[in-house]
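Order as written gives the chain letters A, B, C and D; numbering starts at 1 within each chain.
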Amino acid sequence: MTTFDTDMPPMTTSIGRSTADDIWVQGYDLAGELMGEVDFGSVFYLLITGRLPTAGEARIFNAVLVALADHGLTPTALAARLTYTGAPDAIQGAIAAGVLGAGSVFLGVFEDAGRVLTAAGPTPDTGEEELERMAAEIIEDHRGRGARIPGLGHPFHKGGDPRTARLLALAREHDLLGPHTRLMLRVQERATSPSGRQLALNAGGACGALLSDLAIDTAVLRGVAVVSRAAGVVGHLAEEARAPMGRTLWHMAERAATYEARR
Amino acid sequence: MTTFDTDMPPMTTSIGRSTADDIWVQGYDLAGELMGEVDFGSVFYLLITGRLPTAGEARIFNAVLVALADHGLTPTALAARLTYTGAPDAIQGAIAAGVLGAGSVFLGVFEDAGRVLTAAGPTPDTGEEELERMAAEIIEDHRGRGARIPGLGHPFHKGGDPRTARLLALAREHDLLGPHTRLMLRVQERATSPSGRQLALNAGGACGALLSDLAIDTAVLRGVAVVSRAAGVVGHLAEEARAPMGRTLWHMAERAATYEARR
Amino acid sequence: MTTFDTDMPPMTTSIGRSTADDIWVQGYDLAGELMGEVDFGSVFYLLITGRLPTAGEARIFNAVLVALADHGLTPTALAARLTYTGAPDAIQGAIAAGVLGAGSVFLGVFEDAGRVLTAAGPTPDTGEEELERMAAEIIEDHRGRGARIPGLGHPFHKGGDPRTARLLALAREHDLLGPHTRLMLRVQERATSPSGRQLALNAGGACGALLSDLAIDTAVLRGVAVVSRAAGVVGHLAEEARAPMGRTLWHMAERAATYEARR
Amino acid sequence: MTTFDTDMPPMTTSIGRSTADDIWVQGYDLAGELMGEVDFGSVFYLLITGRLPTAGEARIFNAVLVALADHGLTPTALAARLTYTGAPDAIQGAIAAGVLGAGSVFLGVFEDAGRVLTAAGPTPDTGEEELERMAAEIIEDHRGRGARIPGLGHPFHKGGDPRTARLLALAREHDLLGPHTRLMLRVQERATSPSGRQLALNAGGACGALLSDLAIDTAVLRGVAVVSRAAGVVGHLAEEARAPMGRTLWHMAERAATYEARR
């Protein structure tokens, strides 16, 4: 028997529980109520928020997961492939390497957009004038600090990211274009680049806004993107197992780099 | 201009490609054909196999992902929570820590079952007698090496894992109980524990067999479980952000452990 | 032959190079000049800075690495052990899980102290009065933002961290108590907690200041701590392989936690 | 108060312990006996084995750590750099990505060599004839399975790895060429490639043998290489922060790869 006093906060959880006959996830009977009944994206939503999504919410949440799953031979996909070259026996490590690049530069915009919008605090009852005021404040605050507004502009899809238009259309179709996304759109309409050009709403900004409307906590916003990207990474590793490029990348890098001793 | 000779194999990919206006995933227009049209689980299947699943395949693949997403306060969930305690600013690291425990002891059974079945090589045309022979060989081979057959037995759900029954029912409903799963069931019927007891087919064994029937390459079988488990881990981290247990675990471990200097 | 134009910056490296007969590290012959001649800590310094440390610098750099290697059953050690429970076949994953907790809460203070001191920009020529002014500015800036000054105070070693005194004594002995550390000490002398109490310089603050004096780039300051902590993690894993506590931790957590369904 | 019965094994640790005034590592006073007195490599040895190395053991252990720290722009260094490109704010993640490639293909040889030698079980008292017999058995066993003997041959340093000669010379100098290394040398003398060519002892084989003689548990053999390689990775990241090549690698890969849709 281990007995000890603890002045630490008690530990509580609502996620999972098993008995000899049943497994429960967020209060649902896993085998009886979820498997075969609810798609994986919706169960992911349940795991994070504690409730199943409505049909419209499920469609948008799935669309966000689909939108972020892959973008070709990105640094994260390459890092995963190069890790697999050395450790094909431990694919969990290659997947981990792939998601560890989901930091401030790439998937961070996603989280940053959600934070800015959530901090402004719009609700379903926020009127148009008030949204206008919030948008002006966000723009002014970023301009004052010389900071880029997260979610606007794209280095590549300058005419507008095709994922953004699709996500907004889906949200409108289900009447789920909520206060965070409406605020984001107002910011986009009014903000301009330093050179005066209007900036498109990129997929990261749209996803961050829509997930905030879906009540995803900003603390795990980046986590949604990480799971989505993990699926893309496994796709790359399936291809790497079949048609490897890791060693070619390695030798290409060695030959392309110039060696300059500092000694 | 960088020019170099390379005797390395050429690099080819079929996964992702972008133009200024479009993003393609495995030959599909991401925004036009996948987002809002196909659930995330099915796109994950597309990323790995290069084709979209049929309706029945999608239901089974999603059910497998749902089955493996969470099992409560497991070592992997705890590792993720303890990592978040130290680095809440980099949630991708806590998720990575969570999936790195998906090794030989827990999710490995999954992959091992798939390997054993795939190595036997049953096809849709394999007759009953031939399956019988394959099953006998698998049992004999493991008995000869004193090895446990992967996929059989469970330390906790001794009466049968509720997930297994559900998965098999789904496969039968869609007429997708293929040769790998039929072989697995024959092995289960004939195998006994060293003490002569019959062993139940566990969820790992059922998932490994069904995914092999769904043509998932054994090289990435564990990767499917990792993505599923990543979703569960994000669920735990959302809870950890709201109601932390990391520090309590830490102090509980420090107090429960006995210090025994070796010097 | 692969030929392509690239408008990307060229790739240069000074770290490693191999010929059929020799291996070079930062311009040194690895087998002839480093192995057996220089300790590992000094080679680590060489890898980061491009030059070998002097005898005094090597002693301080090694002392910093030794100081941060272990602190008992910390969350990072526990995360590594729990990961090993699931994946003993891939120890690199358990080590990775262990270092992923080296984020803002624990080892981050280290980096934050370095950043604050480096931003102030003291040099060997900075006079006492100027240091005084820099210290006052740092204190005022943090007080204005209601922020804690990194490197001061310790939740446990309230009388002063024993590592701090030792590090400072070593630096004085070798006449290597440079401008960043002198500035840190001035900040410590003048700063008080909100309740007016004087705060001790903790080991993170001392290490961050000393490493800045040793010309370690702030971008990799946390990396020094990570390598040190990786050694401690391998120590824990060697013990875990011999006398496991992972499963006990798991069951302890399951029993101590209260399950509260949200449904 | 948390009270619970547990039938789990008790948790014991000998590694670290703190009081308000002191910090203990493996029974040593960290500040008083280790910092400034013992180099980092030797403390790493203490953390793993529970005792400080002798002067000769410390020199060899440090030489092994130095030997494995870097090998230029390897897949692991590239994976770390590409991860840093996306997440410069979380350098612990880039280091983790770098070490996750330390699997079966690269650093695994190290561990495999140690396992083969340890399984044979030579001791300081094992005579020459007995060593001869063990070597013959190892060779026969691998030939019978058509397997490569770990530690022999190198794709690049065909004339002999310069690190091997240096390590053996150091071991002879300190009279620490123990039974595992003597067995490894006998295996090397007698083994030939399938084409009848003699194979050189590579650095992985030499390190695995020497560390086994130094009583490092095979369970953490790969962990020694991981810590060493982590230092090399931080060297690469310091360079990447100063002179990045991540984006160049990315664009190089995108341009060099051929896109072949499977649809």
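Here is the rule we go by: a residue touches a chain if its C-beta (ideal position, glycine included) is under 8 Å from a C-beta of that chain, and two chains touch if they have at least 3 such contacts.
In this text the structure is predicted, and so the values were computed from the model without any measurement.
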Interface copy of A-D among C-D, A-B or B-C, judged by whether over half of the contact pairs recur: B-C
Rounded Å distance between chain C and chain D, as computed from the means of their C-alpha atoms: 22
Distance between the centres, which are taken as Cα means, of chain C and chain B, whole angstrom: 36
CA centroid of chain A to CA centroid of chain C, Å: 30
Where chain B touches two or more other chains, by residue: 2, 4, 6, 10-14, 17, 26, 72-73, 87-90, 92-93, 96-97, 100-103, 107, 245, 247-249, 252-253, 256-257
Overall pattern in which the protein chains touch one another (line/ring/star/complete/other): complete
Of all residues in chain A, those that touch chain C in their complex: 2, 10-14, 17, 24, 26-28, 50-51, 87, 89-90, 92-93, 96, 252-253, 256-263
Of chain A, residues touching chain B in the complex: 2, 4, 6, 8-18, 20-23, 25-26, 30-32, 34-36, 38-41, 43-44, 47-49, 59, 62-63, 65-67, 69-73, 77, 88, 90-93, 95-97, 99-103, 107, 156-159, 162-163, 165-167, 169-170, 217, 219-220, 222-224, 226-228, 230-232, 234-239, 241-245, 247-249, 251-252, 255-256
Chain C - residues contacting chain B, complex: 1-6, 10, 72-76, 78-80, 82-83, 85-90, 93-94, 96-97, 100-108, 245-250, 252-254, 256-257
